[in-house]
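A short write-up of the structure that comes next.
Labels run A, B, C and D following the written order; every chain starts at residue 1.
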Amino acid sequence: MIDAAPSSAPGRIRLGMVGGGRDAFIGAVHRIAARLDDRFALVAGCFSADPAKSRASGAELGLDPSRVYDDFEAMARREARLKDGVEAVAIVTPNHMHLAPARAFLRRGVHVICDKPLTATLAEARRLVALAEKSHALFVLTHNYTGYPMVRQARAMVAAGALGPLRVVQAEYAQDWLTEPLEATGQKQAAWRTDPARAGLGGATGDIGTHAANLACFVTGQAIESLSAELHSFVPGRALDDNAHAMLRFSGGAKGMLWCSQVAPGCENGLRLRVYGEKGGLEWAQENPNLLRFAPFGEPPRLITRGGHGAGPEAARLTRIPPGHPEGYLEGFANLYAEAARAIAARRDGRAPEPDVLFPDVRDGLAGVAFVDACVRSSRRGGVWVGLARA
Amino acid sequence: MIDAAPSSAPGRIRLGMVGGGRDAFIGAVHRIAARLDDRFALVAGCFSADPAKSRASGAELGLDPSRVYDDFEAMARREARLKDGVEAVAIVTPNHMHLAPARAFLRRGVHVICDKPLTATLAEARRLVALAEKSHALFVLTHNYTGYPMVRQARAMVAAGALGPLRVVQAEYAQDWLTEPLEATGQKQAAWRTDPARAGLGGATGDIGTHAANLACFVTGQAIESLSAELHSFVPGRALDDNAHAMLRFSGGAKGMLWCSQVAPGCENGLRLRVYGEKGGLEWAQENPNLLRFAPFGEPPRLITRGGHGAGPEAARLTRIPPGHPEGYLEGFANLYAEAARAIAARRDGRAPEPDVLFPDVRDGLAGVAFVDACVRSSRRGGVWVGLARA
Amino acid sequence: MIDAAPSSAPGRIRLGMVGGGRDAFIGAVHRIAARLDDRFALVAGCFSADPAKSRASGAELGLDPSRVYDDFEAMARREARLKDGVEAVAIVTPNHMHLAPARAFLRRGVHVICDKPLTATLAEARRLVALAEKSHALFVLTHNYTGYPMVRQARAMVAAGALGPLRVVQAEYAQDWLTEPLEATGQKQAAWRTDPARAGLGGATGDIGTHAANLACFVTGQAIESLSAELHSFVPGRALDDNAHAMLRFSGGAKGMLWCSQVAPGCENGLRLRVYGEKGGLEWAQENPNLLRFAPFGEPPRLITRGGHGAGPEAARLTRIPPGHPEGYLEGFANLYAEAARAIAARRDGRAPEPDVLFPDVRDGLAGVAFVDACVRSSRRGGVWVGLARA
Amino acid sequence: MIDAAPSSAPGRIRLGMVGGGRDAFIGAVHRIAARLDDRFALVAGCFSADPAKSRASGAELGLDPSRVYDDFEAMARREARLKDGVEAVAIVTPNHMHLAPARAFLRRGVHVICDKPLTATLAEARRLVALAEKSHALFVLTHNYTGYPMVRQARAMVAAGALGPLRVVQAEYAQDWLTEPLEATGQKQAAWRTDPARAGLGGATGDIGTHAANLACFVTGQAIESLSAELHSFVPGRALDDNAHAMLRFSGGAKGMLWCSQVAPGCENGLRLRVYGEKGGLEWAQENPNLLRFAPFGEPPRLITRGGHGAGPEAARLTRIPPGHPEGYLEGFANLYAEAARAIAARRDGRAPEPDVLFPDVRDGLAGVAFVDACVRSSRRGGVWVGLARA
């Protein structure tokens, strides 16, 4: 069980934020996630490219005005000189604005907790890998679904061989919020996510397809080696894909399919993973995340619940409340912050992190961007199989 | 509502059967389906290529021994001469043995009710189309899932525009019974279904992929024009595919994915269809067939049940009992026999069938074989997009 | 597996029917159930108290007009004298018309398959018990839910101690079709079911409460000894209860609750049973009858499916098709006919029935009427605990 | 949408806590709930009757040691004199220890946020009502399930007449954690909850039955006027009930049933409410709290989701993230803290709270204790109907 805030106030990690001003969705989520277990204290931020908006957001959050910045470079520079400057920074800007702030903080040894996808382009992603691997600071990518206890459970079961060698992977992430041209109304979330300049090459593929791909890799322990894809932009005038179909080949021999859509009416956040091996199958769905269906071949399927009978230490470690009391998206997100806190605490103390600390990192981010890149390349070339780029 | 046996005993259609002896699975299903609404009377059969077995099966079924045959040619010949010879024949043999008996009966004007897939090869399928279209007899292909009331409901809703122009189709049919090499144990069902000589080019694709493809086409009213596929034979030594992934392009502009598998532990008969258009989405699953989930975009999803509020005449026409009392696989199968009975009765009476009579026919069968053929061709050529063959 | 019609045509049991003319619901269900496995042949009937209607119904069913009767006494008399007279009769009239025809056939040694509840009054029920126990003929009461394979599975698991000593039983049966005064429209089913003269003392309690009570007793192997109940007639002017609440004490020490309702909007045929013992719990619901949820205490819950892994011989014996292909209400109903057929066949052959033949009988019918009687008595006396009447 | 921490750091409400030291379950939940939206700052506490444990807990939480107390009286006294003393206190002790600390803080004008049930006895509950109503401070009772957005939605729909006049209420709360005598192992949660000295008259009835009863009243807007109950202590030697059955009569004419159990294997936190009126029905279950099933009579049931189409302002107001991203128990709990924060902020500002601020209060707490009291009285007297005590 997560023991909220054992090292508490004096020990809270000083956190900054880039992006996440008023109207932002994911910035507020990061703040709640950071706060949930009381291991971080938000002390500084550059919340918007618009200085007035940044300051207003900082004021609303109760920050010391001297630590609310107009630009992230200034923030990185000054915070690095402060005795109690930020130890970590959450980067929650649109995709094309991940690389620059990440560089500014990484080079100053500030740990980076960055939203996904890693970057808007493959070239940027490669640069960020190089930067992060050169830096002494940690790089945490918030593929938040990996924080769900039952996703951890699934990964542990696959790793322990409960499914035998894997054969088939079915991943999907379906939404409906872009069924109509919402971006034309000026809705901020829709606007940047459908804009190639800010989102990058991928629309649905980048925004949610990367989550599905990451989840599949996280649970199976296999990388996607090649794929064949078809991308669609169903809404007239939309520049990026709003639906994509892909067939996948994994490094360990598994074969898969992946569907992501933002135009599937009746689907809210239908992220779902099914994995089948020689000895058993697993099913998990984000909309009911406390449940894992496990079917050992030749036996009745079992319902493993978060905190319930049959859940192992990997799930138990990231749970706060008893089974049957649902934990949700925010708790799963907070689990990545809890993992980051453990890793950061180990750095502080000059020791190796506990061996079970686990979070997606910059290489996972590169894999995600390579997934989008491959989808786009395959689709443009009529669905041929293409390999995924590597660093 | 189906009014069982309104024209009863004197009017029962005289039915023969080819195949379906002891141990057969689908033969028994056809017999129950034919019997359920009391519109058919089984009066003759050639139940096995093994004469002793055919006779034993006939005796068990209480048939007059003079109408139990050693070979289907003899049966067709003699029954055609009898005053009360069979009016229709159910062909329930393995795939490679559909064409010959169908020809024998069609050419004598006996209606054919044939199991799917239509034939083992594309060439045979084309020949059968020609034969059936030349014959005065009816040809009914038992893609039985089209008999489920809520599948009819879904088709009617799509046709009425409740979903708007279609964009995305997700079809799947997952089983687990061939996870291990069951055919090696001599189990009869597994043996012929994994044998290219009897099953044809397709394994899972032919046995269940054709069902998923047919269901997608039946509900959407669109044909599959081209596809890109990867077929897998996960069980060592298996000659045919036991899992397949495909991306689809439909004649009306919809894009789709199709997964079929016989090696997915925990899946029994997981046939599932999801269809999304500009205005709404539909979901249906065979394992809970009395329910159709309909999500008009911008409104809460609705649960339409067989016989319940919101179900239209197309569903009501094929339902026997009140909502909440589940109907299942046998009732759905029987619905095709009920449709066949209406069409045959119209022929008897020399009138056109009622305009709402609807069942899969020989052209649907050809489309299914073309689907398998295209899957195999695409997979062999590395997943390129290929067009589906036509008559 | 049910091997449909192994003893077939010459061996089919000659069945008569009392009630079940045009517009009747349950008569048609009995006919399908009798036909499904081809062990019965309907050869005679008195389908209505209205002779014209009886004859029209008989004609529609294709019966020999000489065996369609104007009254059941005449039918019983004449059929008993025929060489090929009915061996069994299905009684599908309203509740107040069960006793008289049952008596007419029982006393002539014709087996009776009678719909529930047994009778309209306790006095009648006692008389019928005496008659049935004196007769050499069999008496089968169609508490059809006991025919579902997974209900058999549940009963077998309880009997085998899989749940340990039982503690808690939760039974419910909720519908919504009488939410409004449907009887005022002349709808036939509603009219007689809400009429004390035809239905007896109980409305919802008699029509569906008896099913829930019977199911609870069938699965637990315990009788209801006493109860405390409150009956409601929510629809103004309705003479019988349309909703009832009861607390139960079982003979084996279990405690229970029972809810039945015909005025619960959104409920179709929500019959549901949950049983909890010292070692485990079971849940089953009629609307998804192929599934049994079994939770051994301290382990993850298991999903046992009809025909699937974990299902035992009691379920397997009454299943026709593979797991994942749903069987429904009609198949469950047919299972009671299949059981009756085995018992009747044993009588024919002068041997004891197979030891696993199992169906509700006249004593179960008495228990049902006693349940209604106790509910009414308790409710009238302000909810005091009352014992159930015995024979 | 909850706008986390708009009035932030300088404006955070200074919170103290009584109880909730190491090993406590609910104390940690309250702390997370208070922290989630950043409107409270925990600044003082008396975490245990054991001073060493209290201090250790305070240190772990990072509190100033001078504000960690050995006893709550001293805490109340001193904090009341501090310029920046606590404005509100969370009382999270066992039931018998609610009254005394509540009194200590209420009389000093400190707002009280108290866990349920209100007190261990009816006499205490009445005293606390008098105290709270005399005090200028607020009293918030954490019947946390009333904080779930879809519970708010349900209440609003009932109030707006979407169901018409109510007829039937089915409430249940089933767990299995006390299936065996866990209290004998010394497990702390089990020990006090099964101990009459600390828990009061009710076991399951007090611990979870009060939640089910409160939920039923909250949603229906009706009080329980009388009930008939049977309480059971299935585990040998257990002094309090671990299972209870009750029939209910509500003030507005609805009739209900309530089941609570701690010995139902396979149930985790199965709190479930179903409400039926003349025009429609609603169903909600805590284990999948983001969903509300609404069945208007005569139309297909609708699935209303938190944040989704069909959810109204009462739900929207208490939601943080988009539909399909599940919120859970902690968010629901936090919603009561958010409501409390709004009420407290209004007091600070000397204005009336916003009219939509809503939380359970001391009168709801009295109703809960009266429910337990009535259950015990009825059960002891053989299940007679008894009225619920009032203030």
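Simple rule for what comes next: contacts are C-beta pairs under 8 Å (C-beta built on N, C-alpha and C of every residue); 3 or more make two chains touch, one makes a residue touch a chain.
Going by UniProt, the chains are A, B, C, D = Predicted dehydrogenase.
Just so it is clear, the model here is predicted, and its values are computed rather than measured.
In this assembly, the chain whose C-alpha centre lies farthest from chain B is D.
The interface with the greater count of contacting C-beta pairs, when B-D is set against A-B, is A-B. Each chain gets one centre point, the mean of its Cα atoms, and the points for chain A and chain B are 44 Å apart. One simple way to say how far apart two chains are is to compare their mean CA positions; for chain B and chain D this gives 55 Å. In chain D, 267, 294, 301, 305, 308 are the positions where the chain touches two or more neighbouring chains simultaneously. The touching residues of chain B, counted against chain D in their complex, run 294, 298-305, 308-310.
By the touch criterion stated above, chain C contacts chain D in their complex at residues 163, 167-168, 170, 172, 176, 179-180, 228, 230, 232, 234, 243, 245, 247, 255-257, 259, 261, 263-267, 274, 276-281, 283, 293-297, 301, 382-385. By the touch criterion given at the top, residues 4-12, 25, 28-29, 31-32, 35-38, 60-63, 175, 177, 267-270, 286-290, 305, 308, 320-331 of chain D touch chain A in their complex.
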